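Before anything else, here's the structure in question.
Note that the chains take the letters A, B, C and D in the order they are written out, and that residue 1 is the start of every chain.
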Amino acid sequence: MATSFLNDLMQTLGDRGRSLMGRSRDLARSGDLPELGEALLSRRGEASGVALARTLLDSYAGAPLAARLGFLTALADRFGPDRDLVDKAVAEYRRDPSGRAVSALQEAAEPRRQELIRRLNLAPGGTAALVRMRAELLSHLGSRPDLVEVDRDFVHLFSSWFNRGFLVLRPIDWTTPANILEKIIRYEAVHAIESWDDLRSRLQPADRRCYAFFHPQLVDEPLIFVEVALTSGMSGAIATLLDPTRRPIAARDATTAIFYSISNTQGGLAGVSFGHFLIKQVADELRRELPNLRTFATLSPVPGFAAWLAGELALPHSRFFNDEARATLQGLDQAGWHIDPARRETLRRAILPVAATYFLKAKTPTGRPLDPVARFHLGNGARLEALNVLGDVSAKGMRQSHGLMVNYCYDLDEIERNHESYAEKGEVVASSAIRRLIRADIAPPPELVSAS
Amino acid sequence: MATSFLNDLMQTLGDRGRSLMGRSRDLARSGDLPELGEALLSRRGEASGVALARTLLDSYAGAPLAARLGFLTALADRFGPDRDLVDKAVAEYRRDPSGRAVSALQEAAEPRRQELIRRLNLAPGGTAALVRMRAELLSHLGSRPDLVEVDRDFVHLFSSWFNRGFLVLRPIDWTTPANILEKIIRYEAVHAIESWDDLRSRLQPADRRCYAFFHPQLVDEPLIFVEVALTSGMSGAIATLLDPTRRPIAARDATTAIFYSISNTQGGLAGVSFGHFLIKQVADELRRELPNLRTFATLSPVPGFAAWLAGELALPHSRFFNDEARATLQGLDQAGWHIDPARRETLRRAILPVAATYFLKAKTPTGRPLDPVARFHLGNGARLEALNVLGDVSAKGMRQSHGLMVNYCYDLDEIERNHESYAEKGEVVASSAIRRLIRADIAPPPELVSAS
Amino acid sequence: MATSFLNDLMQTLGDRGRSLMGRSRDLARSGDLPELGEALLSRRGEASGVALARTLLDSYAGAPLAARLGFLTALADRFGPDRDLVDKAVAEYRRDPSGRAVSALQEAAEPRRQELIRRLNLAPGGTAALVRMRAELLSHLGSRPDLVEVDRDFVHLFSSWFNRGFLVLRPIDWTTPANILEKIIRYEAVHAIESWDDLRSRLQPADRRCYAFFHPQLVDEPLIFVEVALTSGMSGAIATLLDPTRRPIAARDATTAIFYSISNTQGGLAGVSFGHFLIKQVADELRRELPNLRTFATLSPVPGFAAWLAGELALPHSRFFNDEARATLQGLDQAGWHIDPARRETLRRAILPVAATYFLKAKTPTGRPLDPVARFHLGNGARLEALNVLGDVSAKGMRQSHGLMVNYCYDLDEIERNHESYAEKGEVVASSAIRRLIRADIAPPPELVSAS
Amino acid sequence: MATSFLNDLMQTLGDRGRSLMGRSRDLARSGDLPELGEALLSRRGEASGVALARTLLDSYAGAPLAARLGFLTALADRFGPDRDLVDKAVAEYRRDPSGRAVSALQEAAEPRRQELIRRLNLAPGGTAALVRMRAELLSHLGSRPDLVEVDRDFVHLFSSWFNRGFLVLRPIDWTTPANILEKIIRYEAVHAIESWDDLRSRLQPADRRCYAFFHPQLVDEPLIFVEVALTSGMSGAIATLLDPTRRPIAARDATTAIFYSISNTQGGLAGVSFGHFLIKQVADELRRELPNLRTFATLSPVPGFAAWLAGELALPHSRFFNDEARATLQGLDQAGWHIDPARRETLRRAILPVAATYFLKAKTPTGRPLDPVARFHLGNGARLEALNVLGDVSAKGMRQSHGLMVNYCYDLDEIERNHESYAEKGEVVASSAIRRLIRADIAPPPELVSAS
C-alpha cells in the first residue's frame, strides 16, 4: 500500500491554508453557516477560499443539528439558481435560440450551490466532508422533498469528481495497513466479518483475493471492495466457500473466480456507481495474473425472494404457481425444514421453479426484475447462471431468501450484448437450465409483457 | 517523489480494459470518430465504456488533422444540446417556473458533449488525452468561432476535475526523477534553463527551492511550478539572483523568499487557474519550514511595458508624460544606453515615473492595468512594491521592458483587502514610493476615472 | 511503512538465482547437507553460490531433526579450523612473530564454517534462515557443549551484519501493515496484548508511541520494539498506565516518556544486543518531536525479586534483614495481602528497604546486581529512580516480584558516567531516596566489597 | 526508485545520536584521532558509541592529510593485535590444542582495529565514511607497505557487510532521480557518457536497459552498474550499438542481450567483488521479463592488447608470431590504417591469429590470461566467443587495443564447468572459431604448459 505517501499528502492537505484563516475569524465565530457560504462565493472567497472553505466545513461539523439542517435548507433556497438571470436567459433564447443562448441558459440555470460546493472542495479534507454532508442530506430526504434538487447537484458534482478515471484499484491483503483493514471489517455488508482472525482467513490464504477502489482525496477510505475466492469450479454455498478448515488450493490451479461479496462503504456516494467498473477491472487483473482462470462468477444473495414469496402466498391465487406448489411452499414456514432430509428435498424441488419465476417473470412496474442484486448484475451484462437452494443457511440467509443463493456469470464475450438486451428490452439473460425450470403451464402475466 | 507509486498506477490504468476491446473493433477500424462518440454515449457505452473511450482517444491521436478537426466540429454541432429538449424545458418553465423546472432547464441545456467528455475520461490516460485535445482546440479557436462553446465545456469540466482540492504540491529538487526534471527545463517560460547544470544550479543550492502542483491523473506532468530564491533582502536584478558564482546562504538565515519564475506547463489547461493557490501554499510551506522568513515577494517581468511606451511615443502627445520626458525617453532606442553610466542614470530617472504611470494609470478598456503579469499578481491580492530599472538586461528583458523588473509583495495581512479593492474598484495597491513617483502635474485621464 | 518497497525487494531476492539451480540438482536430491556445504565452499560454489546456498538452506528447512542436528554437528567438527594450517601458523609465529604472522595466525584459526555461513547468506532469504538455524542451535546448546564454538561464530557474524549502523528505526502505529502488527501481538513479552483492540489501545491514542528496529534483510520482522506512554509525570503502576478508560492527553502536553515494555523478537539473535541503541534513539526521536519532554524513564518489572526473597527467607538468618522484618515479610505468603489496606501498608513499608537492598547489595558472583532487567538498564547508564510496591498486581507480577515495579531513568547528562561507574566498579547508581532506604545497621557483605 | 524512502532513512540516520555528543566534546576538539579511537573502544564507547563514532569520522574528514595518515598509521600499529594475548594464546594452544584453544587463538590474533572499525560503523553515514577512508588508504598502499594489514581488515569487514545477500538490484532508467543518474554519468568507465542527452539515449530507448546494485547503507550510490543493449544478434562494434540514429527494436523482439559496459563506482570497495553476481542476476531478470532472449554476451574492451603486442614487437623474436606477421603488424603504427580498405583488410587478417594467441597463449606468471577483462569474465565462467577487429575505433579503443573488441558469452549450462576448468587448470574456454585461429606452427611456450 502506498498509504504512507497518501497519508503524507493528506497531512499536507490538512495543514494547508491554516495561516490564511484569521481574517475571516469573526464570521467564523458567529457560526452563521449561510453567511459563510456567501462569503465563500464573494470576492473575499476568491482571495481566501481555502481558509474560508475550511472554516465553513469545520463549523458545519461542529454545529448542532438545527444549524446543519438550516445550512442544507439554505443550499436549497438561498443558493438556488438566480431567477432573474434565468428569466433573462429564457427571454433571450426565445428571441434568438442560438447556441450561445443555450449556453447562457445552462449557465443561468445552474444553482449557485454548485459553485459553492466546488469552492468547499478547496478545503483540505473537503471532499470527505462533502461526502459526509451528503450522507446527512440523504437521511433527511424522506421528510424534506425540497432538498431533492440539492441532492441532484451533489450527485452531479460527485459523478464528475469520482469519475472512474480517478479511481485507483488496490489489492487488499494481510500487508495492508490496519486502519484500512478495520474499515473492511466494518463495512462488509454481505457476509459479516466477525474478527481479525476471520478477516485474515479472507485475505491471507493463497486462494483468496480482495480488491478495493480508492480515490486520491479519500486515501484511507476504500470506496467499494470485492472479496474473491479462487476455486476449481462453480461454488453454490457460502458456508463451504468460507469454511475455515478447508485446504486452500494454489492460485495457479484455480479455474474459477467467485466474487462472493461486494460492499459499498460510503453512504454519501449512493447513486454514484462504480460497482460494475470494479468487477470488470478485477476480472481483468485476475486474468492477467492467472491465465488459467476461465470463469468469473458471483455467489450472490437474493434479498427480495422471501418477501416476494410471502406476498404471493398471501394472495388467494398467485399467477406464478398452482395450488399444489403453494401447499408445498407453506412448508417453508416450519423451522428446521432444511435439516430434515426428506422435507429438504421436497422443498428444494418446489423452490427451484418458483425462484426461476421470481427472476424471470416477476417485475417492477418499469419491467425490471424485482431483485435489486439481480438488477445490478444483469444491468452490468452478467448472465443468471445457477440457483443454489440452501446456499446460505445463516439466519439472515434463511430469513431473506429461504437460503437461496445464485450465481451470475460475467462472460466477456457476452457482456455488451447482454447489457443491451437488458437495458433496451428488460430481457433477463439466464442459463438454459434456469429457463427450463419455468413451467410451460404458467403464462407470463400479460400486463408485464406490454410494459417491457 | 512518489513517482514510482504514481507510475505504477498509471501503468495499471494503462493496462486496464484492453481486454474489453475487440467487441467494438470494427467500429474502431472504421475510424469514424463521431460514430465512436455516439457508441460511447449509447447503451453499449455503458457496458464497454473504458474500452470504447480508449479506442476513441487512440483513434483521435492517430487520425490526420482533417479527421481530428472533424471530431471537434462534431463536438460543436452533433454533440451540442438537444434542441427539442431545450424547447420543451423552456415551455415548461414558462408554464410553471418551479425549482424543478429550472433544474430541467439546466439539464436540457447541457450539451451532449459534456457527458461524452466525461465518458472519454474513463479511458486510462483519458485526462491527459483530453487536455491535449483541448490544446489542439485552442489552436483553432481564432479561425473557428463555432468551437467556442465546445471550449467552454472543456473549461467547465476541467475546472471541476482540476479543482485545487485535487492538486498536490510537491517539492522539485535534485532527487526528483529525470523525466520530471526535463519537463521543468522544457516548460520554464520566464528565464530559460539552458542545460542540466543550469537546472542543478536552480535546485541544489541551499538557498533555492522549487515546487510544483501535480494532479493524480497526470503524474509525470508538473502542472505549474514556481522557482524560489531565499535571500537576505529584496532582490531587484535577475542576473544577480541567478549568478552561478554567488555563495549560497543557509536557508535558516534567509529573511525573504523571492518567487522569481512561475510557469504553467499545460496549454490545454489555459484558463483553469491555480497560480494563486500555488503561491500561497508555497508561502505557507516555506513559513512553516523557515520561521525566519518575513517577506514573500516576486521578481517579475513587465512584458507589456516597451510596447506600451512605444505606442505612447508614437502619438503626437502622450497623456502620460510631457515633451521633455518624451525627448529623454527617445534615448532608449539607442543600443547600449544601459552600459554608458551617464545615459543609464538619465534614463533610469526618466523611466521610473513613466513605469509608475504604466502600472497605476494606464488601463484596459475595463479599467484593469495593462500589464498581464500585474493583473495576475494584483488580482491575487499582492502589492506592487518596487520598480527595478535594468533588473533584466537580457536581450528578452531589454526588448520587452527596457530591462524593467518589478517586485510584487504577498503580505498575508493585506491579501484579502487588496484583492477586494482591486476586484471591485480596479484599485492598484502600490507602495508609497511608487505612488510618489506619479508626477503631480499629470492629471489622470478623466475617462479612466469614470471607467473604474 | 515502506513495507511494499521492502516486500518487493524480498520478492526479488526470493526469485533470484533459481535458474542457476539444476546443475547441482543431484547433490540437492541426495539431501546430504554437509556435502552441500563442501560444494558451497568449493570452486563450484564460487560459480553457483546463490543457487547452492538456497538449495542447502531449503534442504535444511525440510530435513528431519536428525539430519539438521547432523549438519550442526558438521559445522562444529568438519567445518572447524584446518588444524594443519593452525599448526603451521603457530610454528611460523614462533619463528618470527611479525604482524604478518599474527594475521596468518588469525586466518588459519578461522573455522571454515565462518566462510560457509557467509556463503549461505548469499541465498535469498538467507539471513532469516540463518537466524532460524541459530535459534535451533541454541535449543541444543545445553546438551551439546561441542556446539558452543559454532554458536560463537554465529554471534560473531551476526554482530557484524546486525551492526546498529544497519538497523532502521520505524514507528509502529495503526497505519502499519497487519502482518507486522500481528508480530507485535505475538512477541510482546512483558505485558501481553490480548487482542487487536488491545493492540489499538497501545498504538492509536495520542499519548502512545511504539518503535521498532528493522533490518533490511528481515523486512517483515521487527527485531526489537519498545512501547512508550507519554505522561505528565512519573508512572508507578502498569494498570493505571494501560487503563483503557483513561483520557489520553495531548502529546505536546506530556513531560515524561515512560518506556513500559521492551521486547526482543528473534530468539536466534540472542546475545546480539541492540536494546540500548533502541532506547537512546527513541529518546532522541521523541525529544526532537516533543520538546516539552524532560524525563525519559522506564516502568520495569523485577523478575528476580520474589525468588531471591524466598531464598533469603529460607535461610536461618539473612544478611540483609533482621528477624522483625523477616516475620513481617512472611505475610507475603498470604494471598490477598495487597487487598487488605492495613496489611498492604505494613508490607509496603517492609518491602521497600528489602527491595532497595536487593538492588544495591545482593550481587552475582561477579559483583553485578542479581536482577537481569537491572543489569540491562544500569549497564546502559540508567539510574534506578523509584520503587513501586504493587506497581503490577497481575498474577505474573505478584508471582515474580510481589507486585514490585521500578523506574529506571535515562538522563543524558549522566549516561556515560553512570555506565562507566557500573562497568568498572559494579556501582549501582540509584536515587538518594532509594539509597536512604538501606538501613544503616546492615553492613554490606564484605566478600562482595572485595569482589567488585 | 524507492530513493525517497532510502533518503528518509539516511536522513534519520544522519540526525541520530547528535544529542549524545557534547560529553566527548573536549576530546573531539582536541582532534586527536587515535585518542578518539581509544575512547570509542573503551567503556565510554559502549555508552556513547554512536556519538563518538560520528565525532571521530567527522574529525577525520576535516583533518589535514598528516593527521589522517597518522590515524591510518595508528590503525596499523596502536590498534593491531594485542601481542601479550597472542603469546598467551599460542602457549595455551601448544599446551592443549583443543577447539577452544583455536578459538582463543583467533580471538587473540584479531587486531583491535577490527572492533574499532565495527564501532565506527555505528555512526550515521558510517559505512560511506569507512569506504572513503579505505579509498584513501589504498592510495597510500604503494608507499606504505605497513598499511597492508589494515587494508586486509577493511576487506574482511566489507566482504561481510557487502555480502551479496545485502545488495539490492534496481533498474536505472529515465525515471530514476537525477542525483543517482549524475553518478552514472560520472562513473561510467568504459564508454564515456558525454551529456544528459547521451545518458538518455542509453536509458530511454525500448531496447536499452541499465541495472545497478545498491546497498541499504549507501542509498544514493550505485555500487556497480551494467548497461545492456537488446539486439537481434551478436554485436561486434560499439559505435553501431550506440549509434544515436539507429531505430530501437521492440524489447520483445530481441534475442540477444549485450552487456556493453560494466562499471564499479566505489574505489574504496576494490577487491570486494560483486560483478559476477550482477551479471548473473541481470541475466535472470531479463530472461524472466523477455522469454525470447537466448544469448547473453558482453561486448568488451581488450585493454592489454596493444601494450602486449608492442612488447612482443620490441623483442628480436616473438614466440607468438613469425617474421612475416611481424612485418605486417608494424603497419599498425601508421595512423589511419583502419580507414584505408586495403590496409584494413590486410591488418585484420594479421590481427586475428595474434589476438587469439593473446587470449589463449599469453599468460601471467600464475598462468592466467594477461588481459584483466578476460580474467574477470573467464573467472565468472563465460566463454570467449568472438574477436571483433575494429570494434572500437575511438581514440581510446585504437590506443589500447588497435580497435579490437571481443564478446564473452554467458551460457548458463556451461558457467559452472567453465569456471572450474578456468579456476583449476587456468583453461581459457573459447569458441572453436577462435581456437582454429591459433596457427598450428606456433607451439605453446613450454614453461606455461608446466605452470598451469
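Note that in this section a residue touches a chain if its C-beta (ideal position, glycine included) is under 8 Å from a C-beta of that chain, and two chains touch if they have at least 3 such contacts.
Since this is a predicted model, take the numbers as computed values, not measurements.
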item	value
Selected from B-D, A-C or A-B, interface repeating C-D by over half of its contact pairs	A-B
Far-end chain from subunit A, centres as C-alpha averages	D
Euclidean distance of C-alpha centroids - subunit A vs subunit C, Å	51
Centre-of-Cα separation between subunit B and subunit A, whole angstrom	39
Centroid distance [mean C-alpha coordinates] between subunit C and subunit B, Å	59
Subunit C residues counted as touching two or more neighbouring chains	2
Touch-based graph of the chains, sorted into line, ring, star, complete or other	ring
Interchain contacts (touch definition) - all pairs	A-B, A-C, B-D, C-D
In the complex with subunit D, residue positions of subunit C that touch it	2, 5, 8-9, 12-13, 15-20, 23-24, 43-44, 46-50, 76, 80-81, 83, 86-87, 90, 93-94, 97, 99-100, 102-103, 105-106, 109-111, 118, 121-124, 126-127, 146, 149, 152, 157, 159-161, 163-166, 168-169, 216-217, 277, 280-281, 284, 287-288, 380-381, 412-413, 415-416, 418-420, 423-424
Sites on subunit C touched by subunit A in the complex	1-4, 7, 174-179, 181, 195-196, 200
